[in-house]
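Some structures are shown below for you to check.
Across the two complexes that follow, chain A remains constant while its partner is chain B and subsequently chain C.
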Partner chain A sequence: MTKNWPLWEVFIRAKNGLSHRHAGSVHAADAKMALEAARDTYTRRMEGVSLWVVPSAAIVASDPGDAAELFEPAADKVYRHPTFYVIPEGVKNI
Partner chain B sequence: MTKLVGVKENLLFDYACRLGDDSLILGQRLSEWCGHAPMLEVDLSLANVGLDLIGQATHFLALAGEAEGKGRDADALAFRRDVLDFRNCLLVEQPNGDFAQTIARQFLFSNWQELLFRELGTSTNLAIAAIAQKAVKEVAYHARLANEWMVRLGDGTAESHARLASGLDWMWRFSDELFEVDAAIEPLIASGVACDIRKLRPEWDGIVARVLRDATLDLPKPRRATVGGRSGHHSEHLGHLLTEMQFLQRAYPDAKW
Partner chain C sequence: MYTTELKDKNQAPQSAAVVEDPARLEAFEARVAADDFIEPKDWMPEAYRKTLVRQISQHAHSEIVGMLPEGNWITRAPNLRRKAILLAKVQDEGGHGLYLYAAAETLGTSREEMIDALHSGRAKYSTIFNYPTLTWADIGAIGWLVDGAAIMNQVPLQRTSYGPYARAMVRICKEESFHQRQGYEIMTALAAGTDAQKRMAQDALNRWWWPSIMMFGPPDENSPNTAQSIRWRIKRETNDELRQKFIDVTVPQAEAIGLTVPDPDLTWNEARGSYDYGAIDWDEFYAVVRGEGPVAKERMQARVKAWEEGAWVREAAAAHAAKHQAREAAE
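The block that comes next holds the complex of A and B.
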């Protein structure tokens, strides 16, 4: 038995319309307490309007050793960036 | 500030002190956990609750100072009164003990305070109503946090169950005082400034019974209620708490950062 409670990843939606973003992690014995720990740890300064917690063990991560084949091929595909469009005025989040 | 019709101001002063002192003393107690809680997350959650309570105390004591009309502000009332002048209930000054005892105290108090502030949200004193409407959201979370911990500890391991049962047993004798109404409050109830806390007892009893059932804990045996906080008769613990809380203002009066 480990001394620590399980780890949970915390995601916060800053405001309606935006997606949840990873904020950090908390230790908690179960999902409900993880949500409360996340609230107390990461939303003290009005950071968000919605919280998700996910067991860290449920996250499947890419292998850093595979970074070359996974990510480097995108380096010279500049045309994939939407930089050739004029962004309409007044659009805040794109 | 609105002047009250038909209410002697010293009664309002007394009532605002009771409300403010409850929050202030428990806020101070919880701050003692800062840096000592079993986990970082718990440390933060207790500090958050403590800060909420101290914020409430600031508002209530500022109101008390205005009602008194002698130029004392919230800081003067918090840091320049001696133990006999404090009007908090005995429950909030009880020592933290272990984490389970702290949770038992929070459980009894926050569920009571949530009902109280819900009712005070419609107080005829607009300042009290405004503070209560803001604070009831904070307190609803305190109650939720305490209730969850009650179940986790009570229905946890044999040790956590035993510790919580013993913490609850310690705190239980101070719960009757929460529902006490004395001559200083009766006129305020009549004028709609204070709420008649006695009427909230059945609802509170229901919440306590439900959480204790989920926590696999027995309702503590009835014991003779310990009262006196509202008239300044405190347990030995409050004086020690004040020596720490008031040290700076007593050693360096009017010290400023």
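The block that comes next holds the complex of A and C.
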């Protein structure tokens, strides 16, 4: 039995002007085959105008265990949001 | 179908053999209860992971094996329009299987393990695909009833607690409704045709009705793991709830095209706002789960044959990739 082909992550640009978005994954022996498989698997109904395939092994992901130290510091910086500021009543266009 | 645990009746229910860290377990339960999604790298109890691997891989196998009864009608579809439609549907089912295998792989199982489990007979798949497709009307009945039952099952799964499974279900549900409509259209055309065509449609409904409502799995009092799966938001509705919903929407569809659901006990229950239905032959269901379905052997033979005959393609692709890699490395 041949070994599992490597896994590739598939990203689709739905239309020009939008960024590529993760759609799923495929197994394929090489990049060309990964693109063909991604096309057949994820774009049978005009879901996109462009595809990226990336070897899954090349993706570096953050650890959910680090989520607190990575993302929580932003929680007490409410002054980064416009709603933090008090604007006198009646003032417009700001 | 697909979402019920298909196990032999005598198999013990899953036990919490692994002792989990109570603090983590509690945090997990709270997240799930709050309808948060669990993602692949998140901590999860072993029993949750196992249940998901089993359910998602069974679901994937069902999509893949489900291509077989329909695939053998592609060359016999009555015209080019029907042929193109059936080809597209069967291709979709292949896609569904792939989305689901990929979702299961995020839980740490491999494609090879799953395929091996299917081919060696260790893995279960939906009982419905072990019934034969005798006439063209069967293709209509499958689209209408089998895909209809699948939709009933899959729609709530778009909110299942495991993120990759939920996302796969969103894609699948988008594609599924044409499957049901094309089947119903086949039945509508036959039911409005000659006497022989109408008989053919009725005969297909007669044969597919009971197996279709069995697809939702054993009655609730006989599915010991349902409560746990619902608590973990893996399942969102019980087998009997889904079965009732399916019957309630499908009976009027049969009536609308002049076909009769083959259940003499079927009656509208005004008080419940639902149909009461006759007793289901659960012995038949469990026999099919055990692998005694009328065409179970043929299905697995066809599946294994396709896999083995494709071996040279997989080997050639791997050799080609290796050669190119070596060439690139030398440059």
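Throughout what follows, the second predicted complex is superposed on the first by the 73 of 94 C-alpha atoms of A that agree within 3 Å, B and C clash if a C-alpha of one lies under 4 Å from a C-alpha of the other, contacts with A are read in each partner's own complex, and residues count from 1 in each chain.
To be clear about the criterion, a contact is a pair of C-beta atoms (placed from the backbone, for glycine too) under 8 Å apart; a residue touches a chain by one contact, two chains touch by 3 or more.
Since the model is a prediction, treat every value here as computed from it, not as a measurement.
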item: Partner chain in contact with A:26 - chain B first, chain C second, else both or neither; value: both
item: Chain B versus chain C as contact partner of A:5, first or second or both or neither; value: both
item: Chain B versus chain C as contact partner of A:44, first or second or both or neither; value: both
item: Touching partner for A:63 - first (chain B), second (chain C), both, neither; value: second
item: First, second, both or neither for A:74, with chain B first and chain C second; value: neither
item: Touched partner set for A:36, first chain B, second chain C, both or neither; value: first
item: Touching both chain B and chain C, residues of chain A; value: 5, 26-27, 29-30, 33, 40-41, 44
item: Touching residues (chain side chain A, partner chain C) in the complex; value: 1-5, 7, 24-27, 29-30, 33, 40-42, 44-45, 61, 63-64
item: Touching residues (chain side chain A, partner chain B) in the complex; value: 5, 26-30, 32-33, 36-37, 39-41, 44
item: Chain A-facing residues of chain C, complex; value: 39, 41-43, 88, 91-92, 95, 98-99, 102, 105, 110-112, 167-168, 171, 175, 311, 314-315, 317-318, 320-321, 324-325
item: Touching residues (chain side chain B, partner chain A) in the complex; value: 39-42, 44-45, 48, 141, 144-145, 148, 152
